[in-house]
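Only one structure is covered here, and it is reproduced in the block below.
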Amino acid sequence: MIVAARRYSAGKAHEIAIELDGQRRECPAGCFDWIGLCEPDAAEMELVRRQYGLHPLAVEDALNPRQMPKVDIYGKQLFVVARTASLGEDGESIVYGQTAFFLGTDFIISVRFGSSRAHRELRRELEADAERLAEGADYVLHAVLDFIADGYLPIMDRLEDVAQGMEESAIDVFPEQAVIRRIFRLRRQLRRFERVIGPMEEMVERLVQADLPTIDPSARIWFRDVLDHVRRVMARMRGLKETLAAIVETASLLEQHRQGEMTRQLAAWAAILAVPTAIAGIYGMNFDYIPELKWHYGYFVVWAAIISICGGLYVRFRRIGWL
Amino acid sequence: MIVAARRYSAGKAHEIAIELDGQRRECPAGCFDWIGLCEPDAAEMELVRRQYGLHPLAVEDALNPRQMPKVDIYGKQLFVVARTASLGEDGESIVYGQTAFFLGTDFIISVRFGSSRAHRELRRELEADAERLAEGADYVLHAVLDFIADGYLPIMDRLEDVAQGMEESAIDVFPEQAVIRRIFRLRRQLRRFERVIGPMEEMVERLVQADLPTIDPSARIWFRDVLDHVRRVMARMRGLKETLAAIVETASLLEQHRQGEMTRQLAAWAAILAVPTAIAGIYGMNFDYIPELKWHYGYFVVWAAIISICGGLYVRFRRIGWL
Amino acid sequence: MIVAARRYSAGKAHEIAIELDGQRRECPAGCFDWIGLCEPDAAEMELVRRQYGLHPLAVEDALNPRQMPKVDIYGKQLFVVARTASLGEDGESIVYGQTAFFLGTDFIISVRFGSSRAHRELRRELEADAERLAEGADYVLHAVLDFIADGYLPIMDRLEDVAQGMEESAIDVFPEQAVIRRIFRLRRQLRRFERVIGPMEEMVERLVQADLPTIDPSARIWFRDVLDHVRRVMARMRGLKETLAAIVETASLLEQHRQGEMTRQLAAWAAILAVPTAIAGIYGMNFDYIPELKWHYGYFVVWAAIISICGGLYVRFRRIGWL
Amino acid sequence: MIVAARRYSAGKAHEIAIELDGQRRECPAGCFDWIGLCEPDAAEMELVRRQYGLHPLAVEDALNPRQMPKVDIYGKQLFVVARTASLGEDGESIVYGQTAFFLGTDFIISVRFGSSRAHRELRRELEADAERLAEGADYVLHAVLDFIADGYLPIMDRLEDVAQGMEESAIDVFPEQAVIRRIFRLRRQLRRFERVIGPMEEMVERLVQADLPTIDPSARIWFRDVLDHVRRVMARMRGLKETLAAIVETASLLEQHRQGEMTRQLAAWAAILAVPTAIAGIYGMNFDYIPELKWHYGYFVVWAAIISICGGLYVRFRRIGWL
Amino acid sequence: MIVAARRYSAGKAHEIAIELDGQRRECPAGCFDWIGLCEPDAAEMELVRRQYGLHPLAVEDALNPRQMPKVDIYGKQLFVVARTASLGEDGESIVYGQTAFFLGTDFIISVRFGSSRAHRELRRELEADAERLAEGADYVLHAVLDFIADGYLPIMDRLEDVAQGMEESAIDVFPEQAVIRRIFRLRRQLRRFERVIGPMEEMVERLVQADLPTIDPSARIWFRDVLDHVRRVMARMRGLKETLAAIVETASLLEQHRQGEMTRQLAAWAAILAVPTAIAGIYGMNFDYIPELKWHYGYFVVWAAIISICGGLYVRFRRIGWL
């Protein structure tokens, strides 16, 4: 589906949209085409490919939205792959998409898969600032990448809250089995985020540092700003991974400590209760001749013995910390 | 065994195959020989070595299929080692093979060991596109490496499914001993895959980045595409390794938690059951004079005492979460 | 809030402060402006931006105090971000702030957020040494960075004391649950300190090694001294992290050992107490004909048997280390 | 002890051996001396040092066989240290040795300590191929290094078998204490192997890549082959280390699982056995008036109650997996 | 305290020592001053600073003996910081010191803090070899660094013995709590040693590889020898750290295994002892009519039943390895 196909000169959009019919149209100096495609089918993509002379390998990557973020040089053209991320409806799962960019000296074509956040709003904003838009295709690339990087922030905020909750329910209290399973799934989400979005840092770094066709040096300052954002997101993400690993380690030590305490109590009470059982057992025997049984106060003396021994044991266990 | 030995000019295969008799045959400009050998014996290999002037060290590596993937420069020739992988009959074990390539300005010789996926199909496909085939030996190298890299994908899909099953049977439920052993074997397979196939990334990276004889710069774009595939496979593989490590860690914490819960229940019920035993023990004693035994309602009072104490203990354990 | 805005020539401060009204004022050779802003609002910052021609991206970073330490080149200007840290009122939590610096050939503007340690004292010290101050803006940058780096030392001393206390209460003695939770929180603080302040090492390293506008080579020796301080702080911090990880690991092994010892004692006493219970049980049976019960010395022989078996068991458990 | 001291010209050995008397002897172009020393004493070494003008530091290293593998340049001479390894008599322990090489334009002196595998055999082989031997000292260095690298293979095969055994006796079955201790010692052996032999990779890599005196570029291809062998050995060794770490981790999880299962059975049977004990206890009390005791079928009803409760508990525990 | 202050020409020491009074004295070509200071106070250091024109930052580092080993270039002078280590009186703790060196073209000043090993002996040795001493200040630097590096060896030997003892008392036997605490403290010592002395490797590497004022290229071979020593010490130290980590891991698995074994025995004996208790309980009931009690041989049949059941249970537990 072709979202928009406009030509811009001196930052101003021409009225009539560009017709994507596979014919090559000369683009006068100082103006560039900005074409936005969303989940295009092979036919649409083939027209665009012929019209702007794109490399078949790049087109193949653009249509298969599971690439790793990268910057590929195809002669005088640049092919940039970025991965997008947004929170699923359930507010917990993360949905990944891919936006690929074909940059030529006088065009930028974005091919979006799976990201719910449309670029229409963004295009209107850029069109409002003709002076900046006049800087050409690399400025548009920076704007969209900045837009994508900002998309990561709400995810990090959400994940940090969830992790904060995990900590309370796993460290401050003894975690239920369900909590341990939620921590496992949250860590798996973080690992996937790091695997899919992590390489964005290296990709944007290349836009800042390498001499690339279609990216003029003055634009590097702007890509550097995007790089800061991506770096901060990845630093927060690494922080989260370490915290969750520490939560699991500490929860295990706390559970080990709790079981130790509980076993010590079990042992103490078992010892205390064993005394009456043993004594009662002795005087429950049916020997004809057991002197103590004859003694009028035998029963009370046995009670006194049980109480004093049990009391003694209780005090001793209290002192060594078993109770 | 010599699978095929054809000469190609302008991408078209000559009718009569090349005779591998150790005699050097001049190859007119613009054409190249493509020779495919499968598990050749020393004699066959010696003929080919003499006919194309291959280095003895390279031949030795080609015949001993346990090399690490590498790119070696032998004067004007290039020697490339790639490792192949495919699922065993049981659909679970992974079978590794080796395909070595000798590249000269006008020939490419592939020596295959152990990979079940014949190149015959691939050769027919390439011969169908004469224009591409005319790009020469480095294009054929790219096509076979691409074919080999695609061979990794079904293995990754299979391993990811197995790991998914492991997670369900180790995290959602309490794992049987057998599950723990399967996780151990799966992790060992992943380690082996990483050790054997891992260096392919560095090898293909060298084909993309280094100035190598017989590889013309324009082919780099195509090797870069193979590099993407290999990188994605290795990224998925690292993800799998981390997930399985997390499964073991979490299963251990869940088992620790389960034993804690079970021991708390054991302790609670032991305490509750100890009450009737102790009391019964006391009144099972045969002292001549135990006042309560004479009392008509003694037995019922004792029952009342037992029930109230046990009830009280049960409620208390319920509240502190032991039951 | 504008803390101070003075012009210095030959290291001497002019009487009348600089008026920050957005008008560009020529600065004669050999003198420079030093402007200190503390948590300026957008309006104040806009005036300063226009007066000294600062880049909007840099201004945006200066006003959003959660940047990662970095050195950005904006044409002939330098933009440096440093993170400050100081102990909270409770003497335990760490409060982070940010101080950004805009350096031009003849000015240095510092924008402080969140650090309680005012620069007023520092400015008085520098003004006392006109000869050094005459070295210009990069000397002021070094002085403030040195001041910031010294701010880390009391935090490290504090954290090392707390960690020392943790060790005593977790290794020398058996840790209470509360101690384990305190260790968890201390490790989280250390991770955060490493994440926020860690990149200061790389930032200062760039000031020492890279050719940067507004930093003259002779100043590198001074930045190198700041780098030493930062490196020492980070080395001490890494040491602390390793020690706390080792404390958790050792506490777990000690707890495991303690539970082992306690279970062995429990088992030993259970075995010893089981003897009288079993024997008493046997002779508590009401069979009409149990020979031993008729025997006059039966009861005493049973006591002798109980004592000797229990004694034997006690000695044996003592020898195998269960008691 | 001087093993052999021969001069070779055009790959042919001269009859009369070289006399090692400290006098410098001119070596005509195209020929070189190959001197093999095995655990030489200081005097012998001093003669050789004076005769070939070796650096005192290199001689000191050669006589102290605990060096790390390295390549040192001493002016126009090269000093190479390699570490040898071989299986001890017990077929389990690994014995390390050191072979140092002094290379000059026209000589190679090898000083061997502690390796049982004599070079005599190797020298005969090389002397059989005069054409290769004529390539000079660097070819001899390659041949000895290749011989040393091949020495690692039987050790790896042996260690892999032992590790395979460990796996069977620690994963498939529950490991005895002795097995756990054997795994500990095997892992310590691997760590030592990695520490002593590991740097060989970096050392041989330098022979392949660096411009070194006495090593002509054409020989690099041969050192590259040795590098492949060393790399494969180190890759297998790292694989072994990871497998043994995984065995320890899995054995611990299996033991934890086994204790869980056993404690659940203990708890279930304790509960089941507690029923008859409690009931018997109740009806063992000596109250004058306990109605049930008077009832003719009391005893059988109590039996019925015990059997039904115990049966019910047994079924319930079976269902929740405790039995 | 000024230990020694001599001028050397052609490796020979002048009679009258150099007077350290802050006056700059010309040093004729080919001779150099070697001044040794031990824990100098600020005044002494100020005189030396003025006399040899040292940089205030370097002097500050020299007087604050907690620097990280480093090499700083101050114009034509070199400032080298090395850390010393020696065994404390108790033969177990490690005492760290710092020796800083100021090198000029014609002087070397060493400032020693906290190392007990005086340089007086070393100075006598060097003065005995005038030919080497004539090589100037960089040779003296090498000699002292070699002396410092040798100081690490006895510490490593000591630590390796202690670690060997730990292994015997933690792996071959079950470790007492005290042993676990000693391992913790030994590991903390190793971490500190690695943190303080570790950077010596990088520092000496810079002396070998970088172009540094006052160090002539020919001296690099000698610094390279010191680097070997430092590298070997650090490799041994890393080996020790890994062994101790493995000891903790294995001790935990052994303890886990021991508790498993002990719990299985506990469960087996509990089951065996439960039989007589249950049976005795049944026949201890006071029902009026319990047929078996009337039977003359009831008691003996019950004994037979108890013995056979307990025997059967004992054999079964023996077979499944619980006893």
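Each chain gets a letter, A, B, C, D and E, in the order it is written, and its residues are counted from 1.
Going forward, a contact is a pair of C-beta atoms (placed from the backbone, for glycine too) under 8 Å apart; a residue touches a chain by one contact, two chains touch by 3 or more.
This is a predicted model, so every value here is computed, not measured.
Student: How many steps does it take, at the fewest, to get from subunit B to subunit D if each step moves to a chain that touches the one before?
Tutor: 1
Student: When the CA atoms of subunit A are placed over those of subunit D, what is the turn angle between 0 and 180 degrees, to the nearest 5?
Tutor: Going from subunit A to subunit D via C-alpha fit gives 145 degrees.
Student: Compute the distance, rounded to whole Å, between the mean C-alpha positions of subunit C and subunit E.
Tutor: 25
Student: For subunit A versus subunit E, what separation do you get between their C-alpha means, in angstrom?
Tutor: 40
Student: Scan subunit E for residues touching two or more other chains and write them down.
Tutor: 252, 256, 258-259, 263, 266, 270, 277, 281, 284-286, 290
Student: Ring chains in order, subunit A leading off, subunit B next?
Tutor: Traversing the ring with subunit A first and subunit B second gives A, B, D, E, C.
Student: Of all residues in subunit A, which touch subunit B in the complex?
Tutor: 55, 57, 60-61, 66-68, 70, 72, 74, 174-175, 177, 180-181, 183-184, 187-188, 191-192, 195, 248, 251-252, 255-256, 258-259, 262-263, 265-266, 269-270, 273, 276-277, 280-281, 283-286, 290, 292-294, 296, 298-299, 302
Student: So in the complex, which bits of subunit D are touching subunit B?
Tutor: 171-172, 221-222, 224-225, 228, 231-232, 235, 238-239, 242-243, 246-247, 249-250, 252-254, 256-260, 263-264, 266-267, 270-271, 274, 277-278, 281-282, 284-290, 321-322
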